[in-house]
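In what follows, chain A forms one complex with chain B and a second complex with chain C.
== the complex of A and B ==
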């Protein structure tokens, strides 16, 4: 009986992995051979709307100056651009840097949240949005340095009245720092160049990411702002957008350059926070998105894949435990051993973690193929990723049971001093 | 369709597209030859590998037996027939692990795990690999302590290892064909990948079978799960990905040299 249950469980886990792998295979096919959808970024518009760029910052002295310099150097009409860096309880030189840049450029209007009881990115954005007047709002992380034409490209997406949010492509700029940054760079390539673009091609659900993207202010007002206790305001907004019949436009050409974690501890904190926040959104939106009338069956399936992606590692770990127990009892057959090996391969095939063929395709499209020598190393980080995401999942379960409020864990920066 | 910069839109001319070639606009041409060569490599690879193993696997397992005998004397080997291939199964003697020894090892593993968890995180992937192995060792020791037995006797364990190795090598051509089918590899590259993986997998399997027999005879069930779950078939798949990575780098370089390789939007 026990052996039967364990065997069925292992088969179930492998079936889930296979579903994710098949999905990524379809995405890769679409990105390579399907008709590619482009954004409106290449169109010309001489009457651009007023724009507010929000940049939440918590102890960002290492990157704040680069980010502000890059934004104000944009070709967006100066009289229509406001930049609002939000100092969220920093205890380093962030406020000093913001003040200095505000003196130099009147378009920069910093907000200081010191003294306010609430903290975290969602709260910072909600506070800033209270005073925003422009129709369109872009949000950047503080480690982002947008190129000259990026703001214009992203805003052009809103020519389409159905577009509620736009998302650009994230490209790591510190790729050559360490093995970790190289691996993350490969993952990002797969995730954006292939995954997001294919979802856009196939009219599925490309994701809004809070790092280089924007939304209509009316949409935020409609959903009542961000969840103040949330850690994944971007996933939350994505789910809300699709539930209300809006769409997300993905612009693969709108590249923005970020700093990925260059040490494993930062990566651990980042991934754990993502997992914790993402799973909170999953519980809150699963039923609503499953019954959203405006979505097709395929789109609902994609939504389920998206919302469940941070549940897969705990599921995978449960599969390993079941396999270990079967082994211990002497009931693991050769086919089980083979499936185990493939399960690990398939591990890199869910959610934001692009599998090998997707990463390879993305890097070839990007012209960075030499990095692909590192592909086997993706498999050596699987216990790390599995455990980290599972930790975030456990945190989320704890939050739900004990009505605990999650606190924002900031990602460490390397950056250059201002 | 690409318009050039020289045709820049005039002011007040709303929504005139000026798409400039960029990496986001690259796609590849789908050629029927790709699918055909994939199908041929798939079939030829699986059938060829099967024939190769049918005649090559038995003598290789003999060699593995000799190799293992260099370290420690094996019992008289048995034979097994799996997927129509008959070969020697190594028979390591079973070392006895007492309940007290198992408990001691469980406690030792737990202490090491605790120590690892408070060490700095700079070497995380390696640390997690060591931790995962320690956790399995801890589980195995507890299993022995409570049930008196874990996993398999020496011969059945080797049967599992050798059968899985056979299965993995047989599946490797199919796996590689599928993984590489979307990219424009040449027939020679596709075929070369399969040959390379089968050769590497087979060679390492011989060494691994011998090494596993040695470890199993020294530590019995205590290390069986570690050997099988971490250093068994998983490694074969990683070899396959390593070979694939070399092939895609070659492909990427070839494409990068040819501006005609891309289809643009």
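== the complex of A and C ==
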């Protein structure tokens, strides 16, 4: 009985891993050989709408000034740009910096959430959005420094009446700081240059990432704002958008610098938070999006892949455990289906070749050369990612069972400049 | 500053060494109780060789990476031009600035090295008149008008007056502060930028781009990639009899939206006030009015029909005679503007973009920018 259950479980894990592997290869080949869909960056408009840029900040004294300077240096018409940095319970010099910039530039109107009970990005955005008047809202994280033409470019996405949100490409500016930052830079390349663009090419479900992008305010109000207990307001909005028959436009040329974590503990906290928040969204939206009438069958499948992605690492780890148990019980014969299964799991265990292949393709498309030598290191960061994501998954399960409210774990900053 | 050995690598190395020691220890003391010291040593060496072999297999692929970490040959972030700002006239403005910096203070007619290009020179002249067939190899800053005969060859030219280029001539790049007139069969290799109006004769090839502050009038069978003008028109400019769009001053963002999975048809003379989004085609029949934007596969705007918002098509866009789209047009297929059709409206620049081809018929007018990734052509029955 136990052997049968373990065998079925291993076969299930194998099937899931094979599906994800296939998906990664399809994305890579789409990026290499498929016709690339255009975004609206080429559109020129001399009558742009009013725009509000929100920047949630919690203890961002190292990066706040650079971010605000970059936003107000934009070529977006000055009389139509409103910048709202949100001081979310900072206990460093963030408020002082915001006040100083607000004095210098009337377009900057800071909000201070001190005194309000709950901290976190979703709450901060909900509060700020109560007083927003513009039709379009863009959101940047505080470590982002948008270029001069980026706001205009992102806003142009909304000339498409089907677009509910837009997402640009994230580019680490502190790539050369450590092995971790270099690996994260490669992961970002794979995730945006190949994964997001391929999803856009194939008319699947590109994701709103919440850090260099925006949405229609009317649509967000229709959705009812962000989940105040959520940690992944970006995935939540993505799912809600597709459920309601809108789309997310990914613009690969709307590039923006960010600062990636430069130490493993920060990365652990960040990834754990993503996993915890993403899985909360998954439980809430999986069925709704799977049966959304306005999505095609392929789009629904992609939605399931997207929502399920932070469950895959714990699933894979459970597959390893099941394999070892079967081996220990003498049921993993040298020749047979389970050995094949074992090989597939093994193939997906150390680095998962398909994502690595995706990253390599992205780096080549970006014109990089010797950094490709670092690819084997991804095989060793993969177990780290798997374990971290599994920890976030366990957190989420605990949240669900014990009705716990998750707290926002802030990603540490170093204040690196490009 | 890149740290050559990260904590992770240190940890992995420590684990590898510890594992090797454990293996040797077990091989030496627990492998076989009855074995002698020599056999135990052999076992330990064999075990160590296996561990070393495995470690080599694990670490060898990382060797180039370790060298890259130490040398950091490719460690910089992907370059983003933080100062990039979209400007249809960027080429012309940039060229004016560069050539003026080099030649503005130079004596008249003196050849000066130009733009650090080897074997290329520039000169400043009060005005320029070239005879038929002349070949002018220097870049020119003309303080006045430029007039050429037929089959002239020019490279880079900045004229602070009007410009008239003779039939069959070739030029690489042209910036003009006055009006520009290109006679028939003129070939542009790179771009043209005009501060006023530009008139293009038949059978011209406009190279990479043509931009103008004023109107751009195109003759028959003109080939182009990018044109920006206020407006761009095939033949003579027409008076837009429909007058300005009622909402021409507003950003077309409809909150009302109608979605469908089948073909959407707006009937003759019918008027709807909503965005239309469908997974199929959209057709607005003769005289129909859509006060909103359209997203569909192929989109057809019928004769004298008007769309007051944007049109985004996964396939082709066809605007029939006298039809109008007041917003942007984006097509992943081709775009065909029939006789007297209009995109945009006076004073409100919009963009017509096609991933494939653009065909503009006689009287077709675009206020703003026309961009095509494939072939752009005009089909005019008007003379000249």
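The working rule: the second predicted complex is superposed on the first by the 389 of 418 C-alpha atoms of A that agree within 3 Å, B and C clash if a C-alpha of one lies under 4 Å from a C-alpha of the other, contacts with A are read in each partner's own complex, and residues count from 1 in each chain.
In this text, a contact is a pair of C-beta atoms (placed from the backbone, for glycine too) under 8 Å apart; a residue touches a chain by one contact, two chains touch by 3 or more.
In this text the structure is predicted, and so the values were computed from the model without any measurement.
Student: Specify the outcome, clash or fit, for chain B and chain C once both structures are aligned onto chain A.
Tutor: Partners clash after overlay.
Student: First (chain B), second (chain C), both or neither: which does A:127 touch?
Tutor: So A:127 meets neither chain B nor chain C here.
Student: So, does A:38 touch the first partner chain B, the second partner chain C, both, or neither?
Tutor: both
Student: For A:160, select first, second, both or neither according to whether it touches chain B, chain C, the two together, or no partner.
Tutor: second
Student: Kindly classify A:152 by the partners it touches after superposition: chain B alone (first), chain C alone (second), both, or neither?
Tutor: Only chain C; A:152 stays clear of chain B.
Student: Could you say whether A:75 touches chain B, chain C, both of them, or neither, answering first, second, both or neither?
Tutor: Only chain C is touched by A:75; chain B is not.
Student: Who does A:294 touch here: chain B (first), chain C (second), both, or neither?
Tutor: Once the two structures are laid over each other on A, A:294 reaches chain C alone.
Student: On the A-aligned overlay, A:324 touches which partner chain: chain B = first, chain C = second, or both, or neither?
Tutor: So A:324 only meets chain B here.
Student: Going by the contact rule set out at the top, does A:215 touch chain B (first), chain C (second), both, or neither?
Tutor: neither
Student: Once chain A of both complexes is superposed, is A:200 in touch with chain B (first), chain C (second), both, or neither?
Tutor: Touch partners of A:200: none, neither chain B nor chain C.
Student: Out of 37-45, 109-117 or 145-153, where does chain C collide with chain B after the chain A superposition?
Tutor: With chain A aligned, chain C clashes with chain B through residues 37-45.
Student: Name the residues of chain A shared by its contacts with chain B and its contacts with chain C.
Tutor: 38, 40, 42-47, 159, 255, 264, 366, 368-370, 373-376, 380-381, 384
Student: Along chain C, where are the residues that touch chain A in the complex?
Tutor: 1-3, 6-9, 12, 61-62, 64-65, 67-69, 72-78, 80-86, 88, 228, 249-255, 257, 259, 261, 275-277, 292-295, 309-310, 312, 327-328, 330, 332, 348-351, 353, 355, 368-369, 371
Student: Going by the contact rule at the top, pick out the chain B residues touching chain A in the complex.
Tutor: Touching chain A: residues 9, 11-20, 22-28, 30, 82, 120-125, 128-129, 131-132, 136, 139-140, 143, 147, 149-152, 156, 160, 163-164, 166-168, 171, 175, 179-180, 182-183, 224-225, 228-229, 232-234, 236-238, 241-242, 244-246, 248-249, 251-253, 255-256, 265 of chain B.
Student: Can you check the complex and tell me which residues of chain A touch chain B?
Tutor: These residues of chain A touch chain B: 25, 28-29, 31-33, 36, 38, 40, 42-47, 159, 169, 193, 197, 252-253, 255, 263-265, 267-268, 320, 323-324, 327-328, 330, 332-335, 337-338, 340-342, 344-345, 356-357, 360-361, 363-370, 372-376, 378-381, 383-384, 387.
Student: Over in the complex, which chain A residues touch chain C? Could you list them?
Tutor: Answer in residue numbers: 35, 37-38, 40-49, 70, 75, 135-136, 145, 147-149, 152-153, 158-162, 171-180, 182, 185, 189, 216, 218, 245, 255-257, 264, 294, 366, 368-371, 373-377, 380-381, 384, 418.
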